[in-house]
Each structure stands twice: as C-alpha cells, then as structure tokens.
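Chain IDs A, B, C and D follow the sequence of writing; residue 1 opens each chain.
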Amino acid sequence: MKLLEHQAKAQFRQAGIECPMGRLAHTPAEAAEAAREFGRVVVKAQVPIGGRGKAGGVKLAGDEEEARRAAEQILGMDIRGFTVPAVLCEEALDIARELYLGVALDRDRRSLVVMLSFAGGMEIEEVAETSPEKIAKLWPDPFSGPHPFEIRQLALDALAAVGGEGTLPKSKLLAQLVPLVQNLYSLCQRLDATLCEINPLVVTSEQRLIAGDGKVEIDQSAEFRHHDLVKELGDDQEAAASGDDPLEVEAKRRGLTYVHLGGDVGVIGNGAGLVMNTLDLVKQHGGEPANFLDIGGGAKAEVVRNALEMVLLDPAVKGIFVNIFGGITRGDEVANGVIAARDQLGIRVPLVVRMTGTREEEGRAILEQAGIVPAVSAPEAAEKIVQLVAAQGGRR
Amino acid sequence: MSILLNRESRVLVQGMTGSEGTFHTEQMLAFGTRVVAGVSPGKGGSEHLGLPVFDSVQEAVAKTSANVAAVFVPPPFAADAIMEASAAGVELVVCITELVPVNDMVRARAFLSRRGTRLVGPNCPGLMSPGERAKVGIIPNQNGQEGPVGIVSRSGTLTYEIMQALGRSGYGQSTAVGIGGDPVLGLSFSDVLELFAADPETGLVVMAGEIGGADEERAAELIGRGYPKPVIGFISGRTAPPGKRMGHAGAIISGNTGSAKSKVEALERAGVQVADTIEQIVDLVKQRLPKPAAV
Amino acid sequence: MKLLEHQAKAQFRQAGIECPMGRLAHTPAEAAEAAREFGRVVVKAQVPIGGRGKAGGVKLAGDEEEARRAAEQILGMDIRGFTVPAVLCEEALDIARELYLGVALDRDRRSLVVMLSFAGGMEIEEVAETSPEKIAKLWPDPFSGPHPFEIRQLALDALAAVGGEGTLPKSKLLAQLVPLVQNLYSLCQRLDATLCEINPLVVTSEQRLIAGDGKVEIDQSAEFRHHDLVKELGDDQEAAASGDDPLEVEAKRRGLTYVHLGGDVGVIGNGAGLVMNTLDLVKQHGGEPANFLDIGGGAKAEVVRNALEMVLLDPAVKGIFVNIFGGITRGDEVANGVIAARDQLGIRVPLVVRMTGTREEEGRAILEQAGIVPAVSAPEAAEKIVQLVAAQGGRR
Amino acid sequence: MSILLNRESRVLVQGMTGSEGTFHTEQMLAFGTRVVAGVSPGKGGSEHLGLPVFDSVQEAVAKTSANVAAVFVPPPFAADAIMEASAAGVELVVCITELVPVNDMVRARAFLSRRGTRLVGPNCPGLMSPGERAKVGIIPNQNGQEGPVGIVSRSGTLTYEIMQALGRSGYGQSTAVGIGGDPVLGLSFSDVLELFAADPETGLVVMAGEIGGADEERAAELIGRGYPKPVIGFISGRTAPPGKRMGHAGAIISGNTGSAKSKVEALERAGVQVADTIEQIVDLVKQRLPKPAAV
C-alpha cells in the first residue's frame, strides 16, 4: 500500500528522521489554526498520487487567512481522480537546496538500492532519464544495511556528480547523512517497504537536512506482518481513496487481484502471465477486456465463485471468459466453483470456460454434467466469447 | 540430457506434509522423480507417502544425500526454508510458494549468492526434465514430453500452455523452467539461457517473458553477443495499460521501462523472432527445428 | 555492567521475552502485598552475584505471611559481601523442566554464541565442565543474527544431546524457541551486551517457556551508546552494590581502571600487560601490591594526578611504584602529572618512578628537575619500592 | 625480510588529522615508513604533514595505491573505519584505538573474514619491521632494532619492554607485533606464529601472553604439532587474583580457564620454554640463539 504524505512523515519521525512541524487539517479552520501555530505554512493536498503541485494541490500561505483560503480551495478538489479529503499544513522551510534521497527495490540487482542526488526536487524523474549519473547509488548488504563508510562514499559520489557544489559544507553533509540514510533504510526494512523516498530532502538555510515530502510503499505480500499498521493507515486512506475505482476497492476487500480495464469481456484466469495473455487474446480477437482477474495458484471452488461474483459487479460486463490451466489449481475445484457461482448468482451473461492441466478430465466432466461445455483451446475460447459478447451488443 | 535436473537428482520436499506439499509430491513421484525425503519441523521421525520425514534439511541431507529442495512452505517461512536448504548444502532450491515478502527474498538471495546455491523461483511452477523423468514443482505431468526444446518462462500457466501446444506438434522439452513472476527472483532468463547453451539435448530455446523489470532486455543483450542456438521469444501483457499492476508483483509497467514494446524490440534487435501468439511460437519452432526429435 | 535480576527481566519483557509476574519489594510489607497479588511467590535477593540460593537468599512463600517473613530474613542479609537492599517477589511457576539459554561472547570464535541445554538450572556450570556435549551451540552471523532454521537446529541438537527427552512436544518447543532466541539475541546486540542469559528457562506444566532468572552484562566499552540506561540502572544498583569495595566504587566514579588487591605497594602503570607484569615483579621481590591501576594509552598529566590521588585513598598504601613505558603515553606528560600530584596532594609515601619510551628524556629531565630520581629498569624499581615500603613497616 | 610489513608497504592513516594521528604519523614517517595518505571524512582535498588527505579510504587507495591502513579514529567509529579499509581493498589493517565496543568488533571481524583482509588489533601498539624501516602504530621508534627475533605480544607496553631488553643485549627484531588485549582480536598468536615460521629472517620467536582467553593455549597446540623455530614464552598476570578484571577487556580469569597456570603448562607441554621475567627472556634467547645478527 502507498502511504499518504502525512502517514509517511509520521513513520519518518518515529524513525528519527526530521520533518517540518505540521498538522493535518480537514477544514479551512484547522488550516488557519496551523498557520497560527507555525506561521508561514505550506498547505498540501493529501492524495495517494503524484503531480499534486502542478494540479494546484500545494499552496504557500503567509498567514491564517491565506491558509484558510488555500485549504478552502484544495479541500474537495479533484486531483487525477482523487477527491482531496485533508490537507497537511506544514511550516514553510527556508530552502537553500533540494536533494533527493530514496531507498527502493532494484529488481535487476535483486536488492534495495539507496539513491542520493543533489539534483533533487520536482525534476528528479527527468534527471533520472537524462543525466542518471547525477544520482549516486548504493546497494547495501541486506543483512548489515548500509555501513557509515558506504553512506559517506554515496554522499561523496553524489557531490562529485555535481562538481562538488553541495551548498552545505562536506563535513556537515556527511555527519547528517549517515544517521539519516541508516534510519531511512531501517525504516524500509522494518516496514517491509519497497520504497521509502524523501523528495525533496531540503537543505535549510541553517544547513539542516529536513524531509520536505515523503513517499512510502509497503510490499503487499508482507502486509501480514503489519496488520495493525495497515489497518490503521488503510482506514485513514479510505477517504483519500474516494477517487479510486470502486470495483477495485471492492476487489481489494474481497482479497482478489483485480484490475478494472473498462471493456465488456470479463476475464478470469489463474496465473498473471496466463491472464495477461488472455487479455492479449481477447484484444487480438477484437474484444475489449473488462478486467484482469487472477485467482492465483491453488484456488479453491470458493475463490472461483468469489471471482465470478466480482466480475459481474461490473455492469459493463456482457460475457465472461474463464481460462484455467491447472498446476497447483485443480480442474475439479474450478469446475465446482463455476457451477456454484452460476447457480447461486443466477449468471445470465455468456460464460466460456477453457480448462486444461491438473485434474482437467475431472473438471471437464463436472462442467459437462452441469451443462457447461468447456472450450478446448484458449484462442478458440477467446474467439467464442468475443462473438457472444458482440451478439449481446458489446463492443467488437 | 537436460539442465538443472536429471534422473540422478535426489529431491527433498520442504513442507511435504501440508496439503499442497502432499499433492504435488505424489505428482512428482508419479512422474518418476527421485523424491527421497520430506522436511517438516516438529514431524521428524515420521513417514509420509512412504518417505521419511525429517525435522531439518540438515538431517534430511545427512541421511538421504538429497541435493535438490522443493519449497512448499507458507509465505512467512519460505525465505527461511530457502536459506536452510542452502546452508545444508543443497545445490538447487526450487521455491513454489507465492506471495513471499520481497525483502525476505532480497535477504535470501544475498544468503544464497554467498554460497553459490542455485534458486528457481519463488512464485514459480518449478522445472521439469521429461527425458530424465524428473520434475520439481507443479508443472502438470501430462505436459511433459521428451524433446529438443528448452523452455524458460516467467509465468507458470503460460509455460504449461507452451508445453502443451508444442507437445501437440510433436516437440517435447529438454527442460522447461518456470523462473517465476516475482520482482526478486533466483535464476534469471540469462542464467537459464546460459545453461541451455551448454546442454547438448537442447536444440532451441523458447523464452516467454512478460511486462515489468528488465530481465528480458538483459537476456536480449546476452543473445545479442552471440548465442549458439535459435531462440523464440514471446512477451505477454502487451495490451496491459501502463501504470497498472497486473497481479504478478513483477508485472507492472512504469513509463517506458519494462514495457512489452521495449522487450520485443530488444529481443528483435538481438535477432530473436518474437511470436505474437502461442500458436505462432509453434510455427516458429517448426521453421527453425524442422524435425522434432523422436520420443 | 552487570544487571540485577529484576533489571535484566525488565529488559527481557521489553524484548518480548516472557517472565513471571512479579514486583520488587524493599520492605516485608511490600513482599506481602506481592503475595496477595500473585499468590504463591518466590522471594529473591537482588544482588549482583551468583550463588544466592545456596546463601539462603531465595525462599518460597505460600502466602502473605510467609512472604513477609521471607523478606524480613532476606532484606539486609549479607551475600558474599553484598547487603541485600531489595527482593524480587515473583509468582511461583509450576516447573516441569529447567532449560538453559544464553547468548554470550565467545572469545575464541570472535563471535557471540547461543547456547541451549536441556540440562539447565543450578548445575549448568557443572554440566559445562563434565558433559559439555549437552550444551548445543550456535554462532550466528553477527549481521543476520540467528536464522529461524538455525535456531530450530540448535533446539534439535540440544534435544538429541539428552536422547530426545525434552518434556514438551518438539513442535511446541521449536515454535516457542525461534522467537525467544531471536529476541534474546537482538536484545544482546541492542544493549551491546556480552552476556544475556536465561537460567533456568522454565518449561511450565502448561508447556510454556518462561524466563526463571536473568543475567545481562553490558560491555563497558559500549556504555557510551547507552548513557541513559546505564545511568538509570547504575543509580538503582548503588544500593545493591553497598557491599562493593568502596575504593573500586570510587575509582569507577573517577573513570579509572582500578582493582583493589589488599597489599601495601601502590602500583600505577600504562597498559594492562605492563601493570600485570609490574604486580608480578612486586610479588617476585617479596612485596604485596595494594592495587592494579592502568592509566591506559595516551594518558595526560591530569590522569596521572587523578591516579596517584586514587591510590593514596587506600590507607594501606605505604609506597607507590609508577611504571611507564611510553608509546601513546608520553614521558613528559607523565612526569608533569607526577609532580603536580606530589605538590598538590603533599605525597609523603615513597614514590619510585620508572619511565622509558616516547619522550623518555624529556620526562626524566622534568622529574630530575623536580627532585624525583627516576629508576632505570623495572626490576630495579620493584626492588627499590619493596625495600622502601618494608622500611616503613610494610609487609615484606 | 619481515612479516606483514616491509619497505614496500604503502600506509594510509585513518584519523591522521587528529592529535594522536598527527603525533604518531610523524613518528612513523621519522622511522622511515612510507606513509602515503591520510583519511579524514570531510577534510578531503587538504594536506597534512605534507601528505594528501582524502575523504574516504576508497579515494585514498585509488589515488595512492595504499595497501596498509592504520586506524587512529575514536572508539565509536573504529569498527566502521576498519571495514571501510577492508572494503577498499587494503590488505592489512592495524587498529590502534582502544575501548572499541566488543560487538562492533564481532561485526568487523565477520566483515573482514569474508574479504580475507588481515587485521591487527584493536587496542594494540601495532607492528614494526626495523630492518625494513617500517612501522605502523605506536611502538616507540627508539625500540626498533633490526635482528632475528620475532616478537608477538598481547600487551603494548610489554612489547616495548621486551624489545628494549633484547635490544640492549644486541638482539633486534625481524618484526614485532602487538596483537592487542581485547577479547575480539584480528590476528591471533597462532596466525602470527605461522607467518614467522615462513619468514627467513626470523630465527626465534618470543611470545608474550597474558591471562584470559585461550589464544595462548591454541598457539601451544600449533607449536606442539611441530614448529620450525624456537619459541620463548612469557605470561603476565600470574599473580592476579581470579575473578578480577585486569584492565584489558581480555585479561580476566574465570575459574581455571585462561589462568596463567593453564597457559604456562600448555606452552611447556608444547616444548616452549617459559620465562618468569623479562630478564629471563633475554637469557633464554641468548641460549637458543647464541649470535645476534649483526646490525
């Protein structure tokens, strides 16, 4: 899950990382109060998506009145599909320079990578593309974490990449970065995060390093180790996620790996590769997939029923293509699930089931007995479902 | 011949006494695999499926000389099971378990790389060397057919599809390897391609990738530097919209990186023919390898 | 520093290690209260030394009255030189078996070692000598700490060493030991301890593992990282340490490495090896060293003054032998310190200074100018001081 | 000839700009040591004692090809400095710093052993190869005298005493090594004895141990298996009462383990003559090595 800025910063603070003083405001009055407390403040929309600044979701306010007005403008605003439920009001920092500091999963190195750049701020993504040499990198041993000497070298490398022009003295930089990077890396490991990012990492005019913004993404597979936190943060995010696709929200609640795609052919399969290939097949045959839904390995009948029900919640769906190749998943289980769903849910849209692999015969027998004819090959099944949906007036 | 797994391989199953472990151990045995032991901490000394069960991999290896481990334990314990197998001297670990925390795998990888242990997976179907009657993992037995095609794929079910489609045209496999769909994996496409390059039975390699990551691009670089055998490529997820996470923790497109387009282009630049459909994979194999080896 | 039992257990609890319910009592009334709360209790003297049980410092009390009486007997008792200032009153556990679990520094392996034995309890030291094979050992990588599989193997090895007779089922043992050992090891690392020991680790009749007693020793060199804790625990120990040698307590306060030995020849030197050899020399020449005092490497004049003052606090001292071989320590600094001390403290006992090494000439010159004749060789100096002390009526 | 350190050794000093670092670097230079760089994070680019100062060991090694590091940094940073030197490819690290937390050293040792870096110390006087005019550490220059005696000792000041006493009788050193008095050390007595065994200049070894630990007993085992050169032993702390910690974190007697008696007996069993006093060391050396090499 992605944490909102104020959630990320709460984690940062616990980890010993300095953040600006601030408070969350749900009303313009609360924003004004923050300005009374902190003076000049930045009012920032709390939405789980980037590009807030460009969308007008971040405003500087010099006094209470300005803070009230900024909050009025931002609260309830729509930012790329997300309605803003709250703003974070933080003391405005005296910014001498903006660095970038992030700990992220590096798939290629199969490791976390620590990235530091003196060319931080809003343009970091452009920097990453056009002058990647300006981002110094460190791949720490995952058991030891980054050693102080490695962090110092990272800082020296980042500094050398901008010709040594680091705004604050080298010794001050090194002294502050060592604990900062250690804390951020520990936090990333402790939260089982795949991303912990500070951008900008602000160098203030007093030469202190302060986290200007924060991004944290917790690995979904590891959420079982962070039940309480995920629940707490998730509840808090419900409001912020109001702009989320309601079908995807519902799927998450049901524990299903579902992506809403907007077409009219419901797709269910087992294994992400297979489901993606199924989407490709539907497209190749002229159809428009309504969704991606992977029931995963070893799915039982109940999961299949749940998946069918989920797909049918999308009113655009005019037919469903179930594509199962049994490995861990067994044909008989899937067949039972399909039949249970059809009977209990009274499914009326066309249903094409293609099934092969483990317990294929048993599964086919069950389907046939129940009057459902399974398709033999995936392309054939794709063609069939696209035809059936088209016959119902769906897109072709 | 084959890669990674052959008729001499002595397999132990971690989590054998669980329901998935039980089912798939039966299937492995039915395929002809030399499964020699199960490991279930706390159940050591018992028997299951006619095989001895040990409390630890160390004991299992000491008593049965197992050299391959199949991991069927639940996600919270999977990385530890992988490291246990490595520490006990097992040469090849195959982790079937899905939803293993990514940072657990980062640690397990670092642990294994120090010891030189090979890992396939996690979140993978495992591998099968049909000519050797050896399988570790969950690839359906009926898909195994001896032959000259090496298969390496990120997706389990797609591996089965490809095996089945090729098999129907008479093309069996030297070894089929599902490397798994997670962001942090053991063997990469490149690693497996290098093994296939050295395997005399393998006449051609089918490489089935998907969106996300850069392993396909890395493999393309390897092939581009000169690869001794024909390679047929396939990339799934080509119609997936960018920025959407497609189930596999691995399968997400962010900007241009890891897109199907980038992968297809990289492969084609390296001289790899990339199929659009599984049927086309079969056609391309037929062109490059006109006579399937007799089985 | 060594933690008292109740201090160690407070650390255990914070680390997630289960301990019996209990409370500290400074009076018999408080002990009675504990019995009212917990029922049958064990009343245990809190002293920083082993062998409490044999000395009568541990008593079982069935009710409030018995607890009061036990506390009356134990409080104020002298146990091997320590006056008991407080007792820990804990619920009496229903003990099915006593295990031993410890994490300790293994000098030979240059590593922490985890030790587990089913032959735990009071006899563990005897077990270690007579049947060491009954103690299973694990040397974890210090960066990763013990992996769960390693802890399970440790438990299996310990179990095998007693023929598999472990009192509780293997699966329950493994499930409880994995987090327990991880927690104890983490605690040891977090506290920079060289010993974290649970003995006995009680297997209760309900098959739970509970820490019956606890020993923790924090590495003195690492105390700078644990200032607050060391201060807090140290204050608490002051009372308990009432039986400590007052000279050693004072030396600790002064930050000096001093051991009181009971003779009449005060010894000061730089480098533990040199000081130990100086003690050996004094003994070889028939003298009795009053103390060991190492001023360490690079000592400045002020440290030397402080050391001389410290040695003179011992009324038995009839002469002082200062033996300096300069490496990091410089002769001129030592000479200045000796003179400052003599002048400020008005030292009247004989003083033999032997000095060689770095800035030896400068140091000798300073001493000679001030009227102190430095000795040439250490044996010669030893002989001289022993003679001088004997002349004062000291032991010879 | 010598062990560990010779005239080709290129030494960098971590913490050179501090007061101890400055003083002892001057002494090392005066002795003839090829000190090539200092390392002080944050002070890179400056000069000190006529030598370039770098921000990191990595930079210092890249620019000066240093292969030996002397560590003079304060205790909280010492273990990190040791690991930094090792990671930068330095072959020999000599840590003078005392009061380094024991668990820091446990980690540093694990780090170094993976890379094969040699460590002397911490809490040691370092080493000196007088014939090579090379010294790393704090052994007083005037004690250095070229000759056939290898010295290895746990105590700094005792090392100086022994060097001085032997020197006055005309016996100089091939190399004198103070391995340090801490519980967790780099090179052990055994490690250094093995190096002396292979050094043609070393005709005899003086080994000065003390109470605590079992390194002396281990060394006795090594010698007992057959050692090619005479060894003279010495153990300090023989009159120390048991259970008392004698300053060196290392020097504590617990029961029988690590007592002076156990060490003396182990050495004598291995055929080592153990001296009672430093004067007796000189006598024994004279007996075993009648002619001191001309200097």
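Following the convention adopted for this analysis, a contact is a pair of C-beta atoms (placed from the backbone, for glycine too) under 8 Å apart; a residue touches a chain by one contact, two chains touch by 3 or more.
All figures in this text were calculated on a predicted structure; none of them were measured in a lab.
Under the contact definition stated at the top, the chains bordering both chain B and chain D are A, C.
Counting C-beta pairs in contact, the pair that comes out ahead of the other among C-D and A-D is C-D. Rounded to whole angstrom units, the spacing between the C-alpha centres of chain C and chain D is 28. With centres taken as mean Cα positions, chain C sits 55 Å from chain B.
Rounded to whole angstrom units, the spacing between the C-alpha centres of chain A and chain C is 52.
Under the contact definition stated at the top, the residues of chain A that touch 2 or more other chains are 141, 143-144.
Multi-chain contact residues of chain B (touching two or more other chains): 107, 111. Viewed as a network of touching protein chains, the structure does not reduce to a path, ring, star or complete graph. Pairwise, the chains that touch each other are A-B, A-C, A-D, B-C, C-D. Against chain B, in their complex, chain C makes its touches with residues 144, 147-150, 152-153, 156, 169-171, 174-175.
Residues of chain C that touch chain A in their complex: 141, 143-144. Across the interface of their complex, chain C is touched by residues 41-44, 55-59, 77, 80-81, 83-84, 87, 107, 111 of chain B. Within the complex formed with chain C, the chain D residues making contact are 20, 24, 27, 75-76, 96, 98-107, 109-111, 125, 138-140, 142-143, 153-158, 160-161, 164, 181, 183-185, 208, 210-215, 218, 236-241, 244-251, 276-279. Touching chain B in their complex are the following residues of chain A: 105, 107-108, 110-112, 141-143, 188-189, 192-194, 219-222, 224-225, 257, 259, 261, 269-277, 279-281, 283-284, 289, 292, 294, 296-298, 325-328, 356-358, 360, 378-379.
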